[in-house]
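Each chain carries a letter (A, B, C, D and E) given by its place in the written order, and its residues are counted from 1.
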Amino acid sequence: MRRIGVVDTTFARVDMGGFAVDELKKTGTGFKVERRTVPGVKDLPVACKKMIEETGCDIVIALGMPGKEDIDKVCAHEASTGLIQVQLLTNRHIVEVFVHEDEAEDERQLAWLAEQRTREHAVNAVRLILYPKELEKDAGTGQRQGFEDAGPARR
Amino acid sequence: MRRIGVVDTTFARVDMGGFAVDELKKTGTGFKVERRTVPGVKDLPVACKKMIEETGCDIVIALGMPGKEDIDKVCAHEASTGLIQVQLLTNRHIVEVFVHEDEAEDERQLAWLAEQRTREHAVNAVRLILYPKELEKDAGTGQRQGFEDAGPARR
Amino acid sequence: MRRIGVVDTTFARVDMGGFAVDELKKTGTGFKVERRTVPGVKDLPVACKKMIEETGCDIVIALGMPGKEDIDKVCAHEASTGLIQVQLLTNRHIVEVFVHEDEAEDERQLAWLAEQRTREHAVNAVRLILYPKELEKDAGTGQRQGFEDAGPARR
Amino acid sequence: MRRIGVVDTTFARVDMGGFAVDELKKTGTGFKVERRTVPGVKDLPVACKKMIEETGCDIVIALGMPGKEDIDKVCAHEASTGLIQVQLLTNRHIVEVFVHEDEAEDERQLAWLAEQRTREHAVNAVRLILYPKELEKDAGTGQRQGFEDAGPARR
Amino acid sequence: MRRIGVVDTTFARVDMGGFAVDELKKTGTGFKVERRTVPGVKDLPVACKKMIEETGCDIVIALGMPGKEDIDKVCAHEASTGLIQVQLLTNRHIVEVFVHEDEAEDERQLAWLAEQRTREHAVNAVRLILYPKELEKDAGTGQRQGFEDAGPARR
């Protein structure tokens, strides 16, 4: 049976891990979900690596909510770089779902955005391991997760 | 028989993968094309690595269209860093074809640029694996992909 | 018996290592603490790697206090990148506790912040190796270390 | 017999590879020169790695001419990071010779600078593998390649 | 017998390598010093790696003097990142001693600063391999190399 890992943080201000688990349950069957929580985004890389190696996950959803300060942007960059390294070390996709606090106008929108982006990327994770041809159908169509799609560039 | 991989994204607003496949068919024979689509540019590194290892590709064309925000620039940088790592891990060239949304003045030019750069780099990919001496003839001549060539510096 | 490593610097202006050791003693039993001090944050990655490999630590707390100049920010970034690499090489968490000098308004607040953040992250380190479910209970609740928690985003 | 690799790009606006080969011929004997050309600087890392592994080069001169836009600076940084990684993977020096388009006031100076810096670094490459003690004699003397030397700091 | 490596550059405007060797001789006995010079800071990582592997050094002092331009800052960052990687690959400390040209007000101060920082870090290198407990005594005391110490933060 396929396994999907979900790793989130206590730093995030929305229970993104909860939404990911919920969406995965809705999206399909045939896979088992593993969950782990770490303090912040910089703890995600090794947590995802251990999740893959210890549970045999086929893919991981890494969830985080970087703050609005410059230092938070740097932390997010370091975390992302680490997540890419883990993918290369394990040959597994890690779907990174980061919502930056300053992407939203207020707390209400932040909560909505974090849920929406998490749910859409949970679907992407399922497609990556089970239905890759569905992604190919959407190639170059300007898909976004959370806010509305950019759509294809009109010629 | 040689194999060329094409990996693109659903985030891009132009079907760059389609243009790459089309150009490769026009450019030559003697190779087979493999295609894969992922959500965004940060998913490209591991997808290219898996493409190389699972299909035995000799080279991969990695296509993406980063957005115009600061965060998009950072994502593109992380993706590029990962793509270079994959090349070093696999000893295969990956021709990165990124078109930044803010390189174009409007959607129409964006669509044109994405197609043009993709097609020119598809030719580069074929040269890298089949006709490396053709690249040497163009050494130092200010070649560009998409917009017009810069040309050699006049003395 | 579990082992927790503590590595700090002579560059820091607060004895963060001392606070970490003290908090670990208060927090629990069943683990042994190893300590090491290096000149600056860029010396932390290899020191943490050697600590893990030579003492068999289950986790390390890496403590540093980057200065306020641009160059200090770059050093901190390089150190953080290295610390993530060490985690991936060793499959061990390293809890990075960096306090930037310009986070505080004056020396007094700096001393308070460094102690407070160190103590809270020492607890996180214990949770990561002994009580991971406690972290999951706090998922998405906007936890911060040092200054007050951001809390969950209200909907 | 020693081998020196020369890798340049079609993106550059000056035939830096040609000048490197010419200078190497003037500088000495006892080594063979291998040449390869790739599209841009981001293709240099894997090309240098393959050059070293496939031809047994003792050292490589990597030549590139990044453009003047912000994105070009980022590409150059990614390429440089990759070139350092290749050196660590192969235990071979790679002498990076990058000339940024905006270092020169006009095309004429650009052409001069690219030739001059390439020639001076070709000599450095020979020294690194054959005459390391000559470099030690110049330690701390403010050597520059292309524009005039900064010279030692007067006390 | 312990070995300490010293690697510096011809780019630097002060003979930092010479000062390092001199200070090491004053500081203690029981170790042998190896020296190597390379063109610039980006050549330091592989030079340090080869020094460690070829001479069996227990630690290396890597000396450089980045210029004042933006591009020099980027080169220094790339070099530092590489030096951290070498440490992780070899399990050896590399004490990085970089003096940025714009840290000093004039050439005279630059020369003084480069000597002073080099000497203080040479002592740190000896402590790291021979007297690690001396570093622990200075933990959190705001040590600086070159300019005066920041000292501990007053509460």
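The rule is short, and it goes like this: a residue touches a chain if its C-beta (ideal position, glycine included) is under 8 Å from a C-beta of that chain, and two chains touch if they have at least 3 such contacts.
Just so we're clear, the structure is a prediction, and the values are computed from it rather than from any experiment.
Common partners of subunit A and subunit B, by the touch rule above, are absent. Separation of subunit B from subunit C in touch steps, taking the shortest path, is 2. The mean-CA centres of subunit B and subunit D are about 25 angstrom from one another, to the nearest whole unit. Measuring from the averaged C-alpha position of subunit B to that of subunit E gives a distance of 41 Å. Multi-chain contact residues of subunit E (touching two or more other chains): 81, 85. The touch graph of these protein chains is a ring, one cycle where each chain has exactly two neighbours.
By the touch criterion the chains form one closed ring, and its order from subunit B via subunit D is B, D, E, C, A. Subunit D meets subunit B in the complex at residues 8-18, 35-39, 42-43, 45-47, 49-50, 53, 67, 71, 74-75, 78-79, 81-82, 85-86, 89, 107-108, 110-112, 114.
Across the complex, subunit A meets subunit B through its residues 73, 76-77, 80-81, 83-85, 87-88, 91-96, 100, 121, 124, 128, 132, 135-136, 138-145, 150-155.
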